[in-house]
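Okay, so chain A shows up in both of these, paired with chain B first and chain C after.
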Partner chain A sequence: MGILLQLIFTGLGVGSIYALVALGFVLIYRATNVVNFAQGDFAMVGAFAMVVMTIDFGLPYWLGILLTLIVLPVFGAAFNLGVYFPLRNRSYLPVIISTLGASIFLENGMLAAYGPRPQSLPPIFASQGITLGPVFLDSQYLAILATTVVMVALQYVFFERTLLGKKMQATSQDKEMASLLGIKVALMIMITFIYSATLGGLAGILIAPIIFVSVGMGSAIALKAFAASIIGGFGDVKGAIVGGLALGVIETLGAAYVSVPFKDGFAFLVLFVFLLLRPQGLYGERISEKA
Partner chain B sequence: MRFPSSLWRARAAVMLALGSLMLLQGMPARAADPIKIGMVIPLTGSIAESGKYGIQGAKLAIEEVNKAGGVLGRPLELVIEDDQSANPTTILAFNKLAGDKNIVAFLGPTRSTQIQAIAPAVQKAGIPVMIGGTDPTLTHTGNPWFFRFRPNDNYTVRVMADFGGTVLGKKKWAVVHATDAFGTSAKTLFLDNLKKQGIEPVMVEGQPNNSPDYTAVALKVKQSGADVMATFITYEQDLAIFAKQLRQLGVDLVWVGSPSITTTTARNLAGPALYGTYAVADFFSGANPQAKAFAEKYQAAYKSPADFFGSWPYDAIHVLAKAIESAKSTDPQKLRAALLAVKGYQGVEGTYNFDNNGDGLHGYNILKNDNGNIVIEKRIDFND
Partner chain C sequence: MTDRPVALDAPAWRRTRISPATVVLLAGGLVGAVVVPFVPMQQYLISLLMQASTYAVAVLGLTICLGYAGQINLAQAAFFGIGAYSVGLGTAGFGLPFWLALAIGVGVAAIAGMALGLASLRVGGHYLAMVTISFQTILSLVLINWVSFTHGPDGVPNIGRPVAFGYVFDDGAYLSLSILSLCVVSLFVLLLPNTRLGRDMQALRDNELAAGVVGVDTYRTKVIAFALSSFFGGLGGGLFAGGFSYVSPDQFTFGESVVFLTMVLLGGVRSPFGAMLGTALLILLPEWLRFLKVIYLAVYGAAVILIMVFMPDGIWGFVSTQWRKLRPPTPIEPGQIAPLPLVRQVARDVGRVVLATKDLSKHFGGLKALEAVSFTVQSNDVHALIGPNGSGKTTLLNILSGIYDPTRGGITFDGRELVGLQPHQRAGLGLGRTFQNIRLFTAMTVLENVMVGAERPNHPPFGGEAQLEQHALAALDFVGLARRGHEQVGSLSYGHQRLVEIARTLAGSPKFILLDEPGAGLNHVEKSELVALLKRLKGHGLTILIIDHDMHLVEQIADRITVLNFGRRIADGLPADVLRNPDVIAAYLGEPTVHVAA
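For the complex of A and B:
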């Protein structure tokens, strides 16, 4: 029983990492109808920014986070201008290729600048975690779970209760109609990229104490997060969270009780089953409804 | 057309210089001509960094040999060809140098796959090639021209099993390995070795690379009741994640790992989670007086710490010089016999006793992570 509880907690912790990155996917997809394949690299950029601030420049942790929170929006804006904006009037395919290219560029640029050796970032809390009966609760996983909950709540309030959020929703549903109503579509998309880069970067800082800072840290996670957001129903915030958490638990339990070497396979097995039986995902709308 | 006359003069001078060089190459070797040793090594491509270290190690030895009067009264000279970090280009590089009849022996690549690639060409050329790859089959498939200057992988697992079982007296083994080529082949060799000692491990588990979480494996180790664990994990970050989660679950046992466990990166990432662990390593700067002296010279010359990429070429040049001297010839067959006759030579990697397969070393250093510092625990050598 203790072992099962431990596995479920760990699974939820890993799942919340997937969920946090999946949120970024969903945001940009909703605004532009495009999958951003560089989403995982946003996490890598955030984590490396923290390495530069706290290790290379020796700044205190809080100041590092503060400065990173200035760097990330600028990066998001630059990403929008360089990768998405020039192709905004083309179909989705060139944009997807463009994000793929950006991903390769970012990873190799970081490799050239920092080399292949992974680095470590200090955890947020001094304590490693707490032992509760037979279960060890890693403090970093607790922080990630808490952040995910807060971000989801904030996002919900923002999209459903504020004018800016509603304008962004309108943009994502029908760009032409939105611009006819006087919404500045380009600005809305710019804001989405800025927010998504900040969110992705924060995710990177949060997961760095667990999986360390390396060039490929984001892309390994992003693949699972992508699967999670399809399982949840692509474009749905709730779905991304539930899909991420479910995937984390399923692969951890699968590794423990079925096969460790097949661990990465479970995520994609679930994805396969969903694509076959319920392609719209857990919370996704049917294609016919959208038309 | 008008050209500045100085440019013409410069061109003429270059042509003359080139022409005389070509003439020189065609002439027979004289007594003071250098003895040429070819070196096929990556200077570009994904593993170019290691090639630089290899050249530095070899050059250090060549300087020492030449300062002491050379070999048979002639200085040694290194002829380097870039293998571009890939198999087909390694074959090209080797064949290019093999065409130079003045080259009497080679230093080959450090990676087993590239050595395998040039094996047919080496057999055809019939010249001794010193190698640093650790795949056991390289010297066991009837190719008489490979001479190995690092212990092969059979000894890695043998020393690990011997240290945990015979030296520390532990019998309940857990084995954790990466599911890639390195991890699975090392695991298979290790299990064979345990079987020879009559030991069946209490747990064997493979884990995928680049995973954010290894709790499932750590729990299995805990449940198995093992008192000693061998790991073959390829990447340092995977090793560090696993180590941390193992400690978080309160697992404390004797841990003997493959070499990646002692790297600076692994120690930085894992911190206290790796304290008290053991690892096998062929080169360690504090292992013996020769290694200590080599590490100091290397550090002084190149301002970077020595590692095995530089240490085996250093040994190879010295052993080769010794063999040429005792053969009194650079004839391939005589050189081969002299290399196989090298016994008890104290190199920086250990004591060389060449066997008939061409393996020079038959043991490993056991290192210990002593509160974050690497120290030597023991040297284990076998007679076969």
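For the complex of A and C:
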């Protein structure tokens, strides 16, 4: 029982990372109707920015995070301008391919700059964690869970309680109508990319002390985050969070009780099952095109 | 515009079936295949050519899937790997003959592709992208981790080659075999667009919704496109394994899938020549770009974005567009077109109910777009469906043509229940439709658009392509556009595009057509031509259900009118009665309805 609880805790921690990246997916999807296949690389960029700040420049940890949180929005804006904006009036296929190109570019550019050797980042807290009954709560996982809760709460308040948030919601529901009402659609989409890049980068910073920082770290997370958002119901914010957490737990339990080498396969197995039996996911509605 | 006597001569405008491109492909491939074994070549050059020809076979699979059918496939390296490992393990591990191992590999790849397609193609394209990446990831995991079967990261050495007359293929002979295979596959891909399957794929790529309504079984077509793509992926991989006699998991990763994708995009996604050009370039480029060393994959990535932004049709697409600008399409001389054999049971069953809805409701969440609407349409009537904006007219049409399922209620058409049938099945029963916002297959010619309509299910088969084209031309001639058959449909004016949409429906010899605001955006002259056209259609025995906002147009042609407001039927009957109905006037002018208490 103790082991099971321990595994579930760890799974929720990993799942939070998936949830954060999945949220980024969903927000961009809702704003642009396109899946950003470089979403995971936002996490990679965030983690590498931290490596540059804290290890290469030797800055203190808090300053590193602060500067990274300045770098990420700029990166998100540049990504929007370079990868999405020129193709905004085309169908989803060119945009998907363009984001794929961006992903290859980012990963291999980083590979050329930093080499294949994985980097490691120190944990956020000096303390190891706390023991609660049979479960050891690792401080890093606690930090991940806490950040996820805070981000989800902030996001809820932002979208439901602020004018800017409502304008962004309007944009995601009907761009034409929103622009007729005087909402600057291009700006809203820009903000979405900025926020999404920050969210993804944050996930990268959080998970960096647990896994090594490598150029491929992002796409591995992104694939699972994408699977999580389909399982939750594509385009649904709640679905992204629940799907992410569920996938983290399933994966951790699968690795512990079934097979370690195939750990990365469980997410996709669950995904296939969902696509076959419930393609709209847990919370999604059936999607159909307007005639 | 009017009926003309049947022409007996063979039409002079018809394109010759054996195009120069076909000749170039056949001759080039055959000469290459025959000459290659006798040309002394360095090992390095042989390897390069072997790689290029086997990769190109897999890239041609992407031409079908992505270029023709518009479905993304990010796992072509996985299918390539399935073919390669089947040949590798089959010949080296189980001692099977090369051909048998190749057949198994191609079969397994095609079946895997079909299964993947069946699971994911019902839902949107994003899912397909995701599912193919997942499949790719799982296959890579299996190749690396199932050591007892796949030999794990070490790979499979000593792969066998085909044997003929007790003689094992040497490098020259094997390269010749690869080139020959490439030649056959590219010929198949070149000829595919001029077949029913190929047209269905392109129709679905350009406008999936319209393709379904016109009679294309979109799901089946997508699955076939995907299975064909994996089939060629497996074939390319099998040939690759035999050529290099060693395979390992790192040759079939997601990164390689992206390389395949880049090849087809760079060369041009809509032509087999583009696929071969892209493959050749990207296999040679790394040799030429050696100086880039570590960043060459990053350059790949940047190139993909740049291609998407500046040259979405790839190099070949760019070149052929320029070429087409130099040579405008030849107009078709309409003098020799046979009249369109439209509905024959003219006016024999006037007054019979052909279409009836019963308590039809459609709710979108809390919004009741339609609420318990019942109405009937009688044979050979022009029946108008009117109502203010947002009254549910288009929703009703979408339910009739099968785009939406109703929340409740039923539809009988010609004595058959329609609810539960797919759009293409309804088209197969003789139910045609046009769209409010024109939905044509924009990258196809006018004639090809109409040919797709002519090939609806249950339509009597044509004796061949020639007869099919004749029939499509007759439908175009009916709306007066036969001359422009060979033009790209996107180059036509708005009004003409509406007529092409009608012709596309007529080519399927429907009994009943649904017209969603055919008059929208037309000028005065075009509108009076539309009225004349609708009257001719009625004269040919068709039944028409039309939505329009132009009351003048409706009054001129409608035999009966049904009025919707806020999703409910508020009036139904003869035009004179309906248009005087106070509820209808109130609905249009926005006055509150006065209910007098009894």
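The rule is simple: the second predicted complex is superposed on the first by the 286 of 291 C-alpha atoms of A that agree within 3 Å, B and C clash if a C-alpha of one lies under 4 Å from a C-alpha of the other, contacts with A are read in each partner's own complex, and residues count from 1 in each chain.
Just so we're on the same page, a contact is a pair of C-beta atoms (placed from the backbone, for glycine too) under 8 Å apart; a residue touches a chain by one contact, two chains touch by 3 or more.
Just so you know, these numbers come straight off a predicted model, no measurement behind them.
Of the two partner chains placed around the shared chain by superposition, neither chain B nor chain C is touched by A:16. In the superposed model, A:198 lies in contact with neither chain B nor chain C. When both complexes are overlaid on chain A, the residue A:221 reaches chain B alone and has no touch with chain C. In the superposition on chain A, contact of A:268 is made with chain C only, not with chain B.
When the shared chain is aligned, chain B comes close enough to touch A:255, but chain C does not. Touched residues of chain A were counted for both chain B and chain C, and C has more of them.
Overlap of the chain B and chain C interfaces on chain A comprises residues 261, 264.
Touching chain A in their complex are the following residues of chain C: 66, 70, 72, 74, 119-120, 122-127, 129-131, 133-135, 137-138, 141, 145, 208-209, 254-255, 258, 261, 265, 294-295, 297-298, 300-305, 308-309, 312, 365, 394, 397-398, 403-404, 435-436, 516. Interface of chain A with chain C (complex): residues 29, 35, 37, 82-83, 86-87, 90, 92-98, 100-109, 111-112, 219, 223, 226-227, 230, 234, 261-262, 264-265, 267-269, 271-272, 275-276, 279, 285, 287-289, 291.
By the touch criterion stated above, chain B contacts chain A in their complex at residues 179, 205-208, 210-213, 215-217, 219-220, 223, 236-237, 240-241, 248-250, 265, 268-269, 271.
Listing the residues of chain A that touch chain B in their complex gives 3, 6-7, 10, 13-14, 17, 117-120, 128-129, 136, 138, 207, 210-212, 214, 216, 220-221, 252, 255-256, 260-261, 263-264.
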